[in-house]
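Presented sequentially are two complexes of chain A, the first with chain B as partner and the second with chain C.
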Partner chain A sequence: MSVLGVTAIVVFGVASVVTGWLVFRTDSMVRAAYWLMASFVGVGAMLVTLDSQFLGLILILMMAGEMTIMAIFMVMYMMNPAGLNPMVMVHQHRTAIAAGVGSFLLLATVALVADFPADPAPAGADPTAELGFELLGRSMLVFESAGVALLAVMIGAVAVAGKWGRFGDADAGSVEPPLDPEEAAS
Partner chain B sequence: MNPVVSVLFVGGVLGIGAYVVAVLDRAFGPVSRGPRDWFVWPIRRAAFLAVQRRTETERPDAEAWILAPALLAALAAAGLTAVPVTPSLAVADVSAGVVLFGAAMIIVMVAVFLQGWSPNSLFPLIGAYRFAAMALSFGIPFSLVVLTTAIPAESLSVGAIVASQEGLWNVVRQPLGLPVYLVTGAAVAFWGPFRIPEGTDLAGGAVLEASGSARAVWRIARAGVLVTLSVMGAAIFLGGHLGPVLPGWAWTALKTLVLLAVFVWSGHAFARMRVERFVWFGWVVLLPVALVDVFASGILAL
Partner chain C sequence: MIELILVFSAAIFGIGVYGALSQQSFVMIMMGLELMINATVLAIVVFWWGTTGGDPRGQLLVVVVLAVMAIEAAMGFALVTAVYRARKADITEKLKRLRN
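Let's turn to the complex of A and B:
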């Protein structure tokens, strides 16, 4: 791998770790979610640098939607509905520190002890095509089961979210919750 | 391509494209005062925004607020890099080009959400939530129709997709693709009937508190997203640089201009949709149509 490639991997890796650390240093739900997205974008960029363009870009593509959904759900479950007021993002400090140090030591041990294979891919190999053959070859049963299950979920979600129902349109007769607390109480 | 030339090229295409969008918008718009006004109005508007005083809100997320327009512009630029303008000229015709484009266009959701969320103001926040609901509804059909164009090419590279349309364009081969792409593309740029997060019912929504240069950059970046969508649409559905007589870049420019005109015209031809109705439309109409497009293309490819 070229000097440029190694430099890019190091830069993206450090950026991933720093943005991952910032997830826990920020005081805002939305910022935490998007720092996490930035961290995943760094990982995706590393994959792209490692000639695995499809996987890296798909990772980035999926994370944008997921992190926005996560931010919205986190804000929804919070006391302040806009999510802009500062709040402490960490809790259970002792347990968290123990879990963090423990998992770091475990992964570091694996990284040092494990015997990683060193067989570089042949030049001119197309990783996307290889991935396709793997998904529809040896691993077909696993991935097709998951794929069909996800398709069924999609169709089910559409059916559930559809406006129609046995009793008419889903939003027929519904009233938006009032914004005035006194009106809501009455 | 040389990095410096690439940056100038992408910046130039987006800048000129954004100006063309503004001119077309004036020309199709209700207050059109002749060709001279079409070309002068965007410059006048930009000059006004350049000297306009910046709005301040109470305890905004200042960094995110500054970053949001820059992120939107960067996404437009990133999507543009994958498209070959002539048979040999592309900034980076990477092997997963359409996925790069799809990823850039989905992250528009993050830019709009940050733009609406960071000023700490009610109407922009509602606009941001509206766009999140919209984006989750158009995201899958949009990605599906874009990725389906890779099936006849047997490659995710935009260059290969254009080359595979020699003889028969994808707009004919995949008749459902371009209509879904145009609808979801207008929604990606929250343009025209899908100006939902910035609707006048929210007094400007996500962009309500943005003023001065921040608003100008946001407007230019949004027009840039529309340009990127048009360039990519021309490449993957209308055969890109393929065409007789004229040189390749001229065909790309011509087809891009046609798609841009359709996008901009839709803003003045259709009323804005309500977000509930759009979510319903996205999941119940666009998604099944996009799935039919995928299955039909798959069967044809077999």
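Let's turn to the complex of A and C:
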């Protein structure tokens, strides 16, 4: 890989990690969605640098749409979406930090210690065309299965989120239940 | 180079683990899960790039993971909507009881 490529990988890698960390450091949930999108853009740029242009651009486009929807959900449902007040909404904080740092150290150690085979993709090949032939050739069943799974999820998501519930209108139950069990029973 | 990119991937994965375990808001938990899948995509692509001789099945695995990412987001948003309809809940602490 050229010096320019290595520089791009380092810059985009550091940017992805920093923006990923900022997701959980900002008060505004909408800003958190866009920091996450920035992290995805960094990873997408790394994919493009690694000769995987199609997947990199697909990742960026897909995440741009998803994060916009996520920002809308933040405004719809979550408190303090604009981050006008300082807010810390965390639980089991030390355990979470230990799990995050532990998983990073474990995976990074494996990455640095393991002996990976060196068999790089040949220069001058067209990975996008090869992926297209693979998707519509011998791996078409995988491609079709992913499509059917997405269709099933679309139907399931509408069924779960619909206004109608199994026992009538879902909004009819949108009152927080009382904490006293006897009061709830009555 | 593979090792360096895998360390970046591990860092993003670790941040995702922290977010998924520490956040109270449902959507913020989903963001942690998304970061973990993001790190997985990066690791798969670097393995495809550096160790498989350009076998397109490596990229195919990324397509499958992207489908999983879309499924996770769609079902996550649907469940957030369903829980809000039923309980007016937007954080995990409001769902300590399964009854009612």
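As a convention for this text, the second predicted complex is superposed on the first by the 131 of 186 C-alpha atoms of A that agree within 3 Å, B and C clash if a C-alpha of one lies under 4 Å from a C-alpha of the other, contacts with A are read in each partner's own complex, and residues count from 1 in each chain.
Just so it is clear, a contact is a pair of C-beta atoms (placed from the backbone, for glycine too) under 8 Å apart; a residue touches a chain by one contact, two chains touch by 3 or more.
Predicted model, so just to flag it, every value in this text is computed and none were measured.
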{"item": "First, second, both or neither for A:16, with chain B first and chain C second", "value": "second"}
{"item": "Which superposed partner A:39 touches (first chain B, second chain C, both, neither)", "value": "second"}
{"item": "Chain B or chain C, by number of chain A residues touched", "value": "C"}
{"item": "Touching partner for A:58 - first (chain B), second (chain C), both, neither", "value": "both"}
{"item": "First (chain B), second (chain C), both or neither touched by A:157", "value": "both"}
{"item": "First (chain B), second (chain C), both or neither touched by A:103", "value": "second"}
{"item": "Partner chain in contact with A:118 - chain B first, chain C second, else both or neither", "value": "second"}
{"item": "Which of chain B and chain C A:28 touches, first, second, both or neither", "value": "first"}
{"item": "Interface residues of chain A shared between complexes with chain B and chain C", "value": "54, 58, 69, 154, 157-158, 161, 163, 171"}
{"item": "Of chain A, residues touching chain B in the complex", "value": "28, 30-31, 34, 37, 53-54, 57-58, 60-61, 64-65, 67-69, 71-72, 82-84, 126, 128, 154, 157-158, 161-163, 171"}
{"item": "Chain A contact footprint on chain B (complex, rising order)", "value": "59, 61, 64, 94-96, 99-100, 102-103, 106-107, 109-110, 113-114, 117, 120, 125, 129, 132, 135-136, 139-140, 143, 156, 276, 279-280, 283-284, 287-288"}
{"item": "In the complex, chain A residues that touch chain C", "value": "1, 6, 9-10, 13-14, 16-17, 20-21, 23-24, 29, 32-33, 36, 39-40, 43, 46-47, 50-52, 54-55, 58-59, 62, 66, 69-70, 73-74, 77-79, 89-93, 95-97, 99-108, 111-112, 116-122, 125, 127, 130-131, 133-135, 139, 142-143, 146, 149-150, 153-154, 156-158, 160-161, 163, 165, 170-171, 173-177, 184"}
{"item": "Touch list for chain C against partner chain A, complex", "value": "1-19, 21-28, 30-32, 34-35, 38, 41-42, 45-54, 56-57, 59-60, 62-64, 66-67, 69-71, 73-75, 77-82, 84-94, 97, 99-100"}
